[in-house]
C-alpha cells in the first residue's frame, strides 16, 4: 500500500511564503510540496537552496506553476495585493486553495474570491486565520461550547506588535488596509468565531492615535487604535491594536459570558522560565506573531490537507473572511472620519442610532 | 507631651459608612472618631453597639452632628444623593471634608461642592477615589513618573463586579447615575491621574447591553458597557464595566506607553494560595470592591488626617472629581443615545468630528 | 458602657520590638500599650518620640515594667537570648505572654518556659509563629481541613532571605542557633501545623554550604541549607533555607496530599503590578520578612488580645514551639556533623535506621 | 542536487517507540525512518498501519533490522531491560545510536554501553535525556551561562507524575530500578548539566513513603521520595519524585545562584487559557510527560540526526548518563536502607562523614 499525498504549490516566498513552504515541505506528512513560485530573484535564490534539493520545482511565474503536472492545491502566501487574483486563478484551474489572510483589503475583491469558490463547490477554499488553529484558542472555544461561561456576551481582543524601530510599517501602511484591516482582522475573526458567523453588526466606532509614528497619517493610518463593535443581538466586541509594544507580541483575548470568562494569553510568556534577580522576577514574551503562533500554522497546513484528502468540511467558512474585512474596513473608516457608523440587520448603512 | 488628634465625625452608617467609621476609630492613629450620624434606626443600633462604647457620640441628625463641640472634620459616607449637600454644609461650618465618591451624579451639583470649597481655601476637601491610595496603583504611577513606560498613550481600565444574584443593582440603578457614573468613575479618575488632570476630552462613544438584567433598561442602564474616550492631546482611554463577573471583582488597568506598559491586577487573586487538584490549578479572587481595596481606604483615612493636621496638600484635587463625573455622564449619555459626542478643547459640545 | 482593653507592655524596642509596640499601640483596638522596656539608650530615645506621647510609660529595666500598675500582659520582643527568662518572669508575675519566636535556641530552655506556663493554667502564653496568622497559610490550612488535598503526605517549605550585603548575619549567627533554628523554624512549625502537633520525627538529615559567606563556618553555620525530616507516620517534610536570595524574600510552601496540592506563595509578588518593557515582564517581590508578613503580626496581636480578654483558646499550642526548636536543633546538628540522626517514636535518639 | 537523509531504524514500538518512530518519520526532515522492529504482535500491527504505508520495513527481530541494507542509525526505544544490549549490538554493527534513558538500571551495564561506544569513536552514541532539548531548560541554561544568576549553588528539581489509578506503576516498579532511577534520573541529569558533568558526589540521603500504593514496598519502591545530594565542590541538589500528583505532570526545577535564581515550570500550564468561574480562576496543566516534553523529543531527533550527518559533537555526553544512573541508584539504596551514603572525591564509598 502506498500513501496518497496532497500535491501542493506555494505562491510567494516572502516572509510568510517561506514559512508556508517549509511547513508543507517538512511538517505536513500528508502533503507534498511539489512547486513554488515567485517573481523575486532573491526569494528564488532562497528556494533553490531550501526547496529545490527536496524535489520542489520553482517557477518565476505563478500561472506556470498552476500548470505543474499533478498539482492539486495552492497555498497563496504572496503579497496581499495579489491574494485574491491568485486565489481566483487557482480556483478556476480547479485547485484547492489555502489563502493567507486577508483575501483582500477590499470587501468587493474579497467577495469575488467567495463568488469564484461558490462556482466550484467541490474545491476546498480556505482563508487562513491562524488563531483558529491555535491550541489555546481552540481550548477556549471548546470550553465555551460546553457552557463553561454561559452565554458569551462581551469579547475583548487585541493584536499588539512589538515596536519595529525600522519604521517599516509606515511604508507598509500604504497597502495594508490600515491597522484595523491588517492587525485587528484576527480579533474580528475571533468575534465571528466565538459569537457566531451570522453575527450582524449594529454600529462601529473607533479612535486612533500616532504615538510613535506620525507619518502613518499620510496613509490614513495610526499606530494605536481602539475599536468598538456592537452587534444586533446584544453583544459587544472591542479591539485594541498597537504597533509599539515594548516587550513583544501581546495578542490577548477575553470572552466574557453570563456565567464565566475565558482568558487567552492574558499572561503572555515565551517559555516556562522565570529569572529572579535584583530587579525582581522576570519572564520574556514572544517577540513576533510567528513566535506566538508558529504551531498554529503547522496545524492549519495539516488540517487543510486532511480536509482536501478526506473531503471533509473545512474548519472555517470562507464567507466569514469577507465579513471580517467588512468590519475591519468600517472600523478603519470610523477611525479616520471620527464618525460612528450604523448598520441595519441586513448590513446596510443607516443614519444615526435606531434606539 | 500629648498627641494632637483630628476630631472627625462620620455622616452615614450604611455599608460604606460603617467602614469609614471603623477605619477612623481603629486604624487611623492620628484621628479620633468623636461622632457619627444617621437617620436610620438600624444603623443607629449598629452604632450603639460598635461605636458608642468607644466614646463616639451618635446623632440622628446630621446638622446636629456638625455642631458637636470640637469637631474638626467630617467623612461623608451617606447615600450619594446627599453627598453634595452634606459636604457643602460641612464646608460652610468650617469642617474639613472627606467625601465618598461621587460628589454627585450631576455635574452641576458636583461643581457646587467645588465652588463651596473654593470659598474656604483653608479647608481640606477631598473626594475619596480609593484607587489613588492603593499601593499597586501608586507603584504603577511612580514607575510611570520615573519614565518606565515612556509617554503614556493608551489606558485600559475596568471595574467589574461579581454578579449579585439578588438583582439589588436594578433598584440601585435608579439613583446611581448609571454604570459609567457608578462604576467606571474609578477608571475615569485613573485616566485623569495617569494622563494628567488637565486632559481634555475630544470625543466619547459607548455601547451597553443587558446580558443578565433586562430590567435595567427601565432606568436607562446596562449591565455591561464599554466606553471609549479620546483626548485632545492624542491619548485614548477605554473602559469596561460589568455587573456579572462570575469569579469575583475584577478591577484591572493597563497603561500603555511608548516604551512600556504597566499592568495593574491583570492576574487578580485573593491571596497567595493555589490549589492543585484534578480540575487543574485554581486560585480565588476578591469577591467585592472592599476585598480588593480595604487597605486603600485605611490609607485614605490616614492621609486625609495627615493632610489636615500637618496642613499639607491633599493627594488629589477636588476639581478632577467633577471632571470624572462629567466624563462618566457623557459616556452614559453616549451609551443610551447611541450617539458619539464631541467636545472642543474648552469642553464645549460640538457637532461632529473635527478632523 | 466603657470598653475593656488589655493593658500590655512590650519588652524590647529593637527591630521587632518597635513593630510589636506599634502594632499594639495603633492596630490592636482591644489592647492598650501602657509600657515598654529597653536597656538600650537609642531604643529608649525612639520610644520617647514614638510611644511616650501616646501615654506609654518607658522603662529601662524589664523587672520594673513588670510592676507597672495594672499591667496584664507582656509581648516579649527582645533579643532571643533573653526571651525565655523574660517570659518566665512575666508568667511568674501573673502576666499573659506573647513571646517572639524562638522561645530559645536551646530545647531545654524552651521547655522551661512551657514548664513555667503549665504552673499557671489561667495565663495565656503563646510563642508567635507569625505564619500561623497569615491569611494565605490559613486559607491553605482550612482547605486542607475540608479535604481538598486528601491526606497530606509531603511538605516542602522554605525561608529564604534576600542577601544582606553588610554581612550582618555572620555576627548574628553566633547566637542565632544556626540557619535551621533561626530560619527553618517557621517551616518546621508549618509541618507541625499541617501534619499535626503530635507528629513524631523518625530521622533528620541535612546538608549546608557557604556559597557567599565562608565566615559563617566559624559559628558552625551555613548560608544555604537543605533539611530532610521523616516522620514515623509516613510523612515527609523537607526544608530549604537561604540567606542569599537576589530578588527578595521567598518564603514558599507546598503541601502535597493524596488528592491534591496546596501551594502558598510559589509566585511571590510585592503587589499587583507588572511592568512590561524591553526586558520582558517583570514584577517585584517582598524584600523582607516584614514586607511579606506585616499583616500576620497585626492579626497575631489582635488574636492574642482577644484570647486573653475573652478567655478563649490560643490559636497555637506552646509545646509545639519546643518541638520546633528540637527539630531545628537536630537538623542543625545533622548538617554540621554530616550524620543522619534517628529517633524512636518516643523521641529518643537511636542508632541507625530501623527498617 | 539531492538531499542526504539519515537512514534510521527504530527498536521497539511500545509507548515511547511509537513516538520516536513517528518523530523520525514525520518531524525529522533530514532523517528517513527505513525500518522498525518489535517482537510484539500488537505493536507490529500498529506498525503495519502507521509505518509500512510510508515505506518503513518492519522486523520482528531486532538483529534482522540491524542488517537492513543502508541502515545508518538506530533509535533504541524498547523496554529498559534491553536498552543496553540493543545499543551495544548496534554499536558493534557500526550504527549510530540514540538510546532512550536510562541505558540500564544497573551502573555496570550502563558503563558497558559507554565502553562499547568508546571503541567506535566515529559513531555518535547518545542517551536521550529529553529535558536537555526542551526550550525552557535551554533558555535557563543559556541564561546561567551568561552569568544571570552568578555561581549556581543549589538545584531543586522534581519529576512528579499524575496518579495513574490503574496502579500500573506497581508492576512496573519491579524492573524500573525504582523511583529515583526511573523518575529522578531526569533531575539528576539536570544537576550534572547545570553544575557540570564532573561534579563529584560527596553524600546522598533519601526518604520515601507509600502514600497511595503500599504494594510498591514489595519491589523496594515508594510513591513519594525526597533525595538530597551533596557535591564535593560545595553544591547541593535536592530532588522530589512522586507518582500521585492530582492535577497532572509537575516537573519543576530551580537553580539558585549567588546572584539570582532561574525557575523552570514553577507555574505549570497546559496552554494559555484561564477559566474564570464561580470557583475562581483555573488553568489546566500537562497530564503526562509527553504533554510537557513532546517538542523536546522532536528537537532531540533532529539534533541527533544533524550531529551524525554533519559529524558534529552531540549535545550531551554519554558518560554523564552512567553518572546519572550511579547517583540514582545510590539515592534508591539510601532510601531503602535508611542510611546516608558517603563518597570520596574519586567516587569510592567511604564510611561516615569526613568533616
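We just call them A, B, C and D in the order they show up, numbering each chain from 1.
By definition in this document, contacts are C-beta pairs under 8 Å (C-beta built on N, C-alpha and C of every residue); 3 or more make two chains touch, one makes a residue touch a chain.
The structure presented is a predicted model; accordingly, all values stated were derived computationally and were not measured.
S.K.: Which chain's C-alpha centroid is most distant from that of chain A?
M.R.: C
S.K.: Would you mind pulling out the distance in Å between where the CA atoms of chain B average out and where those of chain D do?
M.R.: Result: the chain centres lie 57 Å from each other.
S.K.: Suppose each chain is reduced to the average of its Cα coordinates; what separation in Å results between chain C and chain D?
M.R.: Comparing mean C-alpha positions, chain D is 41 Å from chain C.
S.K.: Residues touching two or more other chains, restricted to chain C: which are they?
M.R.: Counting only residues that touch two or more other chains, chain C contributes 149, 245-247, 250, 259-261, 266-268, 270, 276-278, 284.
S.K.: Which category does the touching pattern between chains fall into here: line, ring, star, complete, or other?
M.R.: complete
S.K.: Please name which positions on chain C make contact with chain D in the complex.
M.R.: These residues of chain C touch chain D: 149-151, 153-154, 156, 203, 205-212, 224, 226, 228, 230, 234-236, 238, 240, 242, 244-247, 250, 256-261, 266-267, 337-340, 342, 352-355.
S.K.: Looking at the complex, which residues from chain D come into contact with chain B?
M.R.: On the chain D side, the touching residues are 245-248, 250, 268-270, 276-285.
S.K.: Applying the document's contact rule, which stretches of chain D touch chain A when the two form their complex?
M.R.: Chain D reaches chain A through residues 1-3, 25-27, 29, 52-54, 135-136, 139-140, 143, 148-149, 259-268, 270-278, 284.
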